[in-house]
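Shared between the two complexes below is chain A, which has chain B as its partner in the first and chain C in the second.
Entry: the complex of A and B
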């Protein structure tokens, strides 16, 4: 076996182990996970009710969205939202303050691999817990959903693309914690921008033209709106594949930036604690 | 448990303080504590500003597609938003901090220290913790309400009285709801997720509950009294509040206060101090 192949094997092993540990750990906390998910589901239900009300008032649809399509959008939303959970940029503060990073740096492997594997493993628990909730929501709100085979395939890839975009970009953002501890306000501005410009609040198509133009220059829509619309939006094949290409582009940008910034950031780290 | 004389010094006791005096003392101590961390005020102002901008943006998006939502105009929904922010500030500043501390005390067994004090324990756990910076939201809510009322046109003094009455009743009901939830911790012990759950549910109050489907509307009225806390006061300012609704609010608040009192005592009997 060549050295490169051996490295790849070893890396794969690390990922599989992280995934297995995450599944075992998170499944123990299934009640806590459920509470969290129920709290989370309130948000899209509110959006759904507001927009269905407007659709009904406007004689059936708003900008092409009927109540049934809104239902599909916001139910798929709940899965995409769960896929979007990644290591929080706020977490860097305690990783640095508690000295947890010291242990991570001792391993002969870039620490991002563990985060990617662990949070990916968590998704398997989340998806199992999500299925009954989605069924209940579907019974209540009657979504209109008729995806093609290509839609389903692109969706299945796109939710993991969304996961990777958010993972690398928020990892990058979290690294600011190496320079300053006052990161809260910056993160909040970014999370607010994400809420408005990703399709989380409302399908981007309902936003004013100029907002959509801004969104085109930012990564947010590829982590939320695009995966959802891949499944429910009836997008033509070129938009579907173009979307996946945009996801790949943002993942690459994030990965390259981490590669450049991480060595500089970590030099600023001086361990506190054990 | 209510009025135990402190064991060492029987002669020094002057009788229980009035609830208002006691709350005032805790408010002063809490304020003095937090005034040490003035930077947190700036952070709070910033957070409130972002939340306000987001809320206004959502209203703008909704009303770019329609002229009214279930009969509520943009100015009227602005009033709902004002009440929502105002009530959120009251909850975050006065109700929730005490409940979070109570949960921690039950978990760690440190509630003993409250129970041995010569004041009513329910009163103590309810008033002993405040977060004054959260009152920024009360100010923001009032400003939003001012703008909304200005756009809605003149309102009579009776409307203002009804609004204030509905606000006090609503806050009382939220307090009862929170305390009942927290008392469950006497049995369940770990309740950390409840805070998340409540803040998620509270977001539904941003819109008048009349837009929600029946089962959800009823839950948001009687299960989680968000309708009484936000929608009903907002109805007071938009000329929708009927005497019947206000009477229902008063009646339900009374029932909740009595039930909460009973449930608190019942839960307390299940408390076994875990501390040393």
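Entry: the complex of A and C
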């Protein structure tokens, strides 16, 4: 076996172990997980009720979105939202202050691999928990959903692409904690921009043209709107595959940036008291 | 202990020191401001900082297989030095090599061969049994499964943790958790161990168990150990050599036994008299009396003369001269030479 193949195999072993650990941890808190999931669907149900009401008042649709399409959008939203859960940038403050980072830095493994593997494992539990909730929501709100095989395949890839984009970009953002102690307000600005420009609050197709133009230059829509639209939007193949390419581009940008910034950030690590 | 029957290969750079430190320095820039609201408001506009030399140019070498105690009061620079050697902190100046590698480069080849145990930090998965965290270590350090299981089981047996490895870490006592931390930290059989207060907060039995384990690991694997501890029992049990650091500078580097000779400002003379108790306060500071045996603390330089006077003036049946407890010596080292007592013997008979 070549050295590169051995490295890849060893890294896969780390990921599988991290996934197993995450799943085992989530199984420790089954009830808490269900409450978490129920809490998680409150937000899209509010959006769904509001938009369904507006659609009904406007004669059945808003900008081409019928009540059934809104239902499909926001039910798929619940899964995509959970796939978007990553190691929060706020966690860096705690990770540095508490000394957890010191332990991670002692290991011959870049800490991002643990985060990627652990939160990926978390998703498997979430998907299992999501299925019955999605079924209940579907029975109540009657979504219009008729994806093609390509839509389903692209969606299955895109939700992991979204996870990776968010992981690398917010990991990068979190590293600001190496330079300044309190970075919460900055994160809030970014999260607000993401809420508006990702398709989380409103499908991007309903936003003004200029907002959509801004969104085209940012990564947010590829983490939220694109995976949802891939399944429910009836996008043509070129837009589906183009969307995956855009995801790959943002993942690459984030990964390269981490590779460049991480060694500089680690040099600034003070580890005082930890 | 793993591979006990197989001779360990000599560590990389075995011909030279395992750890080499030359004029190593670490300076932290910390914000400072006065008290009160005005100072807080002023700091919004202009932030003042000052540089704190946590480590101010330390130099030492540690040979492969050596166990060295790294002593000093809180804030002396012990942990900062250890963190620089483990690759966690980037030095401000000077040089350090561990097993021939520069730690701040954080090369995998080095990280695979060192470990650092921090007594007050938990590196295990809190909600899961320690076995799961051990499994993660196996994957990270790429340990062959058979070798991993053999090492793990031997450590579990040596530290007598048995089925505790199957209990969630959050349900373990501090001592039990520390044992798991040590197992997790040594599964990859590191060549260099940085142990930062590994027995802090543990009861005496647990401290002893961990000391015995570290000594056994060192004996069987020939690992190099740099240990910080505020418990002198740890140091006395494990270290022939100590490095004493204070205010970021090295005050002493040598044999533990020589520390008392160099810095022990006093000697303890214990004397038994034929006719029992007597007031010996004129000869030195009486520090204890037990079943007719009186202990006197006298200046080191006056010990011989005081002994002569005691033997000449009193009906002595037994007399011993000892160095003070190591804790007292260390305290004297940190306190500095200013507190040394007068070195003149007093003859109450003259």
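Methods note: the second predicted complex is superposed on the first by the 271 of 274 C-alpha atoms of A that agree within 3 Å, B and C clash if a C-alpha of one lies under 4 Å from a C-alpha of the other, contacts with A are read in each partner's own complex, and residues count from 1 in each chain.
The rule we apply is simple: a contact is a pair of C-beta atoms (placed from the backbone, for glycine too) under 8 Å apart; a residue touches a chain by one contact, two chains touch by 3 or more.
These numbers were taken from a predicted model, which means no experiment stands behind them.
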Q: Return fit or clash for chain B versus chain C, each positioned on chain A through the superposition.
A: fit
(Q) Going by the contact rule set out at the top, does A:249 touch chain B (first), chain C (second), both, or neither? (A) neither
Q) Is A:192 touching the first partner chain B, the second partner chain C, both, or neither of them? A) first
Q: Name the contact category of A:152: first (chain B only), second (chain C only), both, or neither.
A: neither
Q.
Contact-wise, after the overlay, does A:21 reach chain B, chain C, both or neither (first, second, both, neither)?
A. second
Q: Check whether A:42 is in contact with chain B, with chain C, with both or with neither, and answer first, second, both or neither.
A: first
Q. Who does A:269 touch here: chain B (first), chain C (second), both, or neither?
A. second
Q: Scan A:102 for contacts with chain B and chain C and give back first, second, both or neither.
A: second
Q: Answer with first, second, both or neither: which of chain B and chain C does A:63 touch in the superposed model?
A: first
Q: Would you sort A:54 into first (chain B), second (chain C), both or neither based on which partner it touches?
A: first
Q: With both complexes overlaid on chain A, what's the closest CA-to-CA approach of chain B to chain C, in Å?
A: 9
Q) Across the two complexes, what residues of chain A are contacted by chain B and by chain C? A) none
Q: State the interface residues of chain C toward chain A in the complex, per the touch definition above.
A: 28, 83, 86-90, 104, 106, 108, 111-112, 114-116, 118, 121, 123, 125, 127-128, 132, 135-136, 138-142, 168
Q) What residues of chain B sit close enough to touch chain A in their complex? A) 43, 46-47, 50, 53-54, 57-58, 61-62, 64-66, 68-70, 192-194, 196-197, 199-201, 203-204, 206-207, 211-213, 216
(Q) For a test of understanding, state which residues of chain A touch chain B in their complex under the given definition. (A) 32, 35-36, 38-40, 42-43, 45-46, 49-50, 53-54, 57-58, 62-63, 140, 184-185, 188-189, 192, 195-196, 201-202, 206-208
Q. Okay, in this complex, where on chain A does chain C touch?
A. 10, 13-14, 16-18, 20-21, 24-25, 28-29, 99-100, 102-103, 105-109, 266-272, 274
